[in-house]
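The next part holds the structures, each set out as structure tokens.
Note that subunit A is present in both complexes that follow, paired respectively with subunit B and with subunit C.
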Partner chain A sequence: MPEFSLISAPPLAGYDETLGGIRLRAPEGLAIVSIALPLGGEAAAEKAVKSAYGAALPEMGQSVLAGDARLVRLGVDQAFVIFDHTEPNAEGVVAGKLKDKAYTTDQTDVWVGLEISGAGCREALERICPLDLHPDAFAVNQAARTVMEHLGVLIIRTGEAAYLLLSASSSAGTFQHALHQSMKNVS
Partner chain B sequence: MSQDYRIGGGQVDRTREITFRFNGKAMQGHPGDTLASALLANGQKLVGRSFKYHRPRGVFTSGSEEPNALVQLRSGAHQEPNTRATTVELFEGLSATSQNHRGPLEWDLMAVTDLMSPFLSAGFYYKTFMWPRAFWEKFYEPVIRSSAGLGRLSMQNDPDQYDKGFLHCDLLVVGAGPSGLMAALTAARSGARVILADEDFAPGGRLNAETLELGGMAGADWAAQVVAELVDMPNVRLMTRTTVYGAYDHGIYGALERCTDHLAESGGKPRQILWRIYSKRAVLAAGATERPIAFGNNDRPGVMMAGAVRAYVNRFGVTPGHHVAVFTNNDDGWRTAKDLTDKGVEVVAVIDSRDKPAVCEVPGARHVRGAAVMDTVGRKGIKSITLTDGQVIPVDCLAVSGGWNPNVHLTCHQRGRPEWRDDLQAFVPGGALPPGMAVAGAANGQMTLAAALAEGQAQAKAQLEALDHTVANVELLQAEDEPREAAAFWHVKDSKKRAWVDQQNDVTVKDVKLANREGFRSVELLKRYTTLGMATDQGKTSNIAGLAILAEEAGKTIPEVGTTIFRPPYTPVPMGALGGRARGKEFRPYRLTPSHKWAEENGATFVEVGNWLRAQWFVRDGEKGWRDSVDREVEMTRNSVGICDVTTLGKIDIQGRDAAEFLNKVYANGFAKLPVGKVRYGLMLREDGIAYDDGTTARMGENHFVMTTTTANAVVVFRRLEFARQCLWPNLDVHLISTTDGWAQFAVAGPNSRKLLQKVVDKEHDLSNEAFPFMACGEVMVCGGMPARLFRISFSGEMAYEIAVPARYGNSMMDVLMEAGREFDAVPYGTEALGVMRIEKGHAAGNELNGQTTAHNLGMGRMVSQKKECIGNVLSQRPEMVREDAVKLMGFKPVNPAEPLIAGMHFINRNAVANMDNDQGWMTSVAYSPSLGHSIGLGFVKSGDTRKGEILRAVSPVHGREVLVEVVSAHFIDPEGERLRA
Partner chain C sequence: MIIHHPLLGPRDAAEFVYLGDASLIDRPDWQAEDAAQAFHAYGYLRDNPAGAHQELWYHEQGDRSWLVVTRDTTTHEITQVELARDVARVRGRDK
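And then the complex of A and B:
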């Protein structure tokens, strides 16, 4: 038995709030691992992704739900795997699956996730999100990087009226406040 | 007060009565009224005092162009000055006061300035207050300032909330008048995403104010019908009370929505929203503004724009007078006369400047052809008018029409210049419109209803077709092309009395002529010299008349004189709306370190470092000031062990087969041969050879590096590396991703740091000096299998480590380190102690890497490798940058140890005069060194490396201080680095 033990305390742990039919919550145990495709080894890496997750790496700006993991393509050579995993070894899990065909970096604690959902959630996002989130312009599974209230945000449309928002974990409080205020202002 | 001037008809809801107050007096109105229409209904003609001469003024227009009827709305902290009564929607309990008077509105003491008007011509400040010179700042200016201005601020914080937002559409239609409605309807039925915005609370534009018909239906009814259809369509966003105030690049428009201004209370919701509208295309249907004619005493309450008089009668069921005369230079003025008589209001005369037959029948009215109004009488309200033929006609309202100006403002926001049209005697949008914008209706010079409707439809169709959108066929209803002939007639030359051009800034015809005589002949100079068009109304009713008069005086045509440049905003935007939510603590984001909670619970004082909040020091009982805490933290760290959260330093994960080569190119010193498991200090140069960031990079694996940057430059370095990777060397296999927030990193420094870490790091890792020497790094396990990274690096100069765990364990890690360190009396230290220790050790930081210094200056010239290709190494060798006598980073200690040093002091040779010619360099960082017992400093001094032991004067003229200092090594503590390697 080690003398000391560490306790996990992610920012916004347990946060779940509903205002005027819009729900904002911090999903628990979300692991994020970045994948970088080696120069010249892209095909092999993509093949490894496909065999590991049963889904091809989507096009840029798209995501795909593959089993319990969501693959999000962020750039020509960069993607995220987002999945439920609480242990602090998410990177090792993904690296193992990809059999070292791609470079991986643990991004779990770099980000804080907030899921906003409900009929009026697009109206709330309108106050801080510069992107066009109209259903025709931003379909389910689409993903984009943007800025909300000075904070860099990765936004993924996860459902008809549901979005997963990822922003820097150090400014989680500001980010949550910005969304809470938007919900309040439209509800 | 009763509504003596309320007549039949209109769009107000007479079933409900609203009580409001003006200057404390209770009055009544109805829903659908503006404050202006309700004031007129109650016979309140005198509404305010003018800016300069304190002349009595009344309601002049019925829209946002209003120059006169400015009031202070609401009270207390909610008080808002300079609010146009013509745009304020009446609500129960509204309270307004008039402004710009001393004593009651009716008996303004400042009206004496009107008698002094001969001395107050344009530019009078510059002419009158020249002497004595010393009086300007102390006397003239304060007096002028106290009497200038209109309303007063509450001087309290604005209690309202504001918001911002982003909207997107295929077609933005600006203005919901006939052409705007037609454009929006066409686009909406075609299935396009449409935003229709109008500044009014009732869409319809002039259809609400006039009696024109469409397909046999009243214009206002057609507007209501179209609006009802649009509101129900999911592809349409109808935004009333929304002013599109600016046209920006890429089809972006700024709009201000007034959400709760028409309510007594905002109910905790944002009062106004500043929208950024991203449009693919836009149709500007902003309508036109009627302009006055300048004649003697044309500013009296009761002198109004003819179109406005018509609007009050038709839309609000209010007549501004019972005996009205109309003075016009165009056909449209006649329609006011006709509408008034149709409503049973007596029109006593129609005075047409043109010698032509009546445009229409106006029963009971005298038609005076080819004449003009020369003067008026009536101090607080017009009583009679005097015509050029000498006739005096008693009236209580004079409706004036000098023609209509298309509202071209938004077409000019990207430097477009409007073009003159002789047939309209007006400017219309010019050739270069903002990309994606089309103009329709009166804004484009289509002044008649049928033409406006047709153009609204045609422009929408063309805009959608340009987007490859199929366009639905919308039936164009039969409408009138009403007579709109106009003549050029700007001011009544026979008039000897003062004739106002710009009523809000009190600029008269005489002022415009004077400006021309004194050489201010460019329209831009005219504006600035006379202040014409510079008030909150931005000269909407006055600009064209002003430049027409200037043209006349200068013997030029109006297009030769041209207009001033129209800039956003179209109408005033409150500062609160521009600020939005960004107030107080919400001005910018806050970043918290992983151990923030622990720090809060343990007496930390926080300091803002960029967006980060960092613990500056941790106060303990009995400590009287910050120095006590900081000195203790330094001493305890140097004596045993201290712990500091250093998470804020930028961390960049670098992977790839060519990562080592990449690092070798971006750092000035060599990185190609850094072994796995080792860390190296690196210096980055800009392309021009100036040092811009430093940090350490650890090689975690053959193809895996972890770079740290300074806190301040984390983003800049990442961005530059991305640029280098993507643009400079795209053939290298290198991948970057930030992990700054992902790892909680702690410096554990001091002679007992190893012993402390041995308790936390799992036993299988050998931390002995042999196994894990200075500059070693590696992945380890802590607390029984928790992944962590360990680096043996030191900023303090002590034996030190940095240990990183996933950020979510950071707060707990701080607890663990403190608990494990209890037996060593471990101390948490903040950024101040960190700073003291780095100065004692002679490490450069932001003060030294200030964007002007080179590696040569920093004493690291030899680090810049000339054997490889790397950013900045070539230009760093320019002769001026490698001068022998360049400033060098050195240490400084006071000759008298009791004397403190000040950062920013300049060094002067002992016997030289303290001036810039004798400047030898400057002090960059200072601290009190608890280890040495006196102040120490770092700084740059010429040829510093050859001047050790020399005594210099450190001078701060700002503080009036001077200290004798000795030039010493920058490494005050452990210059040989024995502690680091222990």
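And then the complex of A and C:
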């Protein structure tokens, strides 16, 4: 056996910046697992999610916090589970909890997460996000996939003045730069 | 241009990609007698109306759903947006 060990090197590791009261940071240890509801087996899969997490799979455009996991409905037959988990076996954990009633795939490494928070964070997001983020239109726990600076983004409102943004890890630097620039422009 | 997604509400057209005429849903039967003729028409022949036009749009930067959008080609006014799978089911598809 060769003597080597793999080192985890997530994009934007350790990034944490505050500009004009807006904080942007890369959360550590986020695991993302996709759940696809099988055609014809939607009801059984939704039931499995409910018994595994104690919360029903939310409606489209919504997310729900169930313990340390956040369930996000992305489409008619697709959802994400986002939770803190540093071991490289997130998919197996979720598949086990769902008792294989849904198709699961590990998405952890293809996404990068950025958490933006602070009183003025909506002003910074407004400039690059085409969605209406006013609390009346995008309440806490709502989630949507959209584009910012030509990059696909999943945006989740995690608090009154806090959002979790997920984008492709391959363009993590560009995404971080776009947000940094927008924060600079409003502060 | 804003497309009113039936499940997600108003979304910017930048989130979508356009495919073409919604008649692409009606793929001909490959075992039919006139299959060659029917596939020629399916592949190449399109109406080019000045007015209401049904077309397929894909919500790529969104929920990845296919939509049938009814758009007026002279004004770009969108009068109806449906999920393509609902349209296909109405037309007799089983999935």
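Just so we're on the same page, the second predicted complex is superposed on the first by the 185 of 187 C-alpha atoms of A that agree within 3 Å, B and C clash if a C-alpha of one lies under 4 Å from a C-alpha of the other, contacts with A are read in each partner's own complex, and residues count from 1 in each chain.
Going forward, a residue touches a chain if its C-beta (ideal position, glycine included) is under 8 Å from a C-beta of that chain, and two chains touch if they have at least 3 such contacts.
Model, not experiment: these values are computed from the prediction.
Once chain A of one complex is fitted onto chain A of the other, the partner contacts of A:A168 are limited to subunit B, with no touch recorded for subunit C. In the superposition on chain A, contact of A:G159 is made with neither subunit B nor subunit C.
Judged by the touch definition given at the top, the superposed model places A:G61 against subunit C, while subunit B stays out of reach. Once the two complexes are laid over each other on the shared chain, residue contacts for A:A9 go to subunit B alone; subunit C is not touched. Within the superposed three-chain model, A:L39 lies in touch with subunit B and with subunit C [touch as defined at top].
Comparing subunit B with subunit C, more residues of subunit A are touched by B.
In the superposed model, A:V147 makes contact with subunit C only, not with subunit B. In the superposed pair of complexes, A:P130 makes contact with subunit B and with subunit C alike. Overlap of the subunit B and subunit C contact sets on subunit A: residues 39, 78, 130-131. Contact residues on subunit A toward subunit C in their complex (touch as defined above): 39, 60-61, 74-76, 78, 130-131, 144-147, 152. Of all the residues in subunit B, the ones that touch subunit A in their complex are 161, 163-168, 193, 268-270, 273, 276, 278, 581, 586, 588-593, 597, 611-612, 647, 653, 655-658, 703-704, 731-733, 735, 737-743, 759-760, 762, 782-787, 805-809, 811-813, 816, 819-820.
For subunit C in complex with subunit A, the touching residues are 7-9, 11-12, 14-15, 61-65, 83, 95.
Contacts from subunit A toward subunit B in the complex involve residues 1-11, 34, 36, 38-40, 77-78, 88-89, 103, 105-111, 126-132, 134, 137, 149-151, 168-175, 177-178, 181, 184-185.
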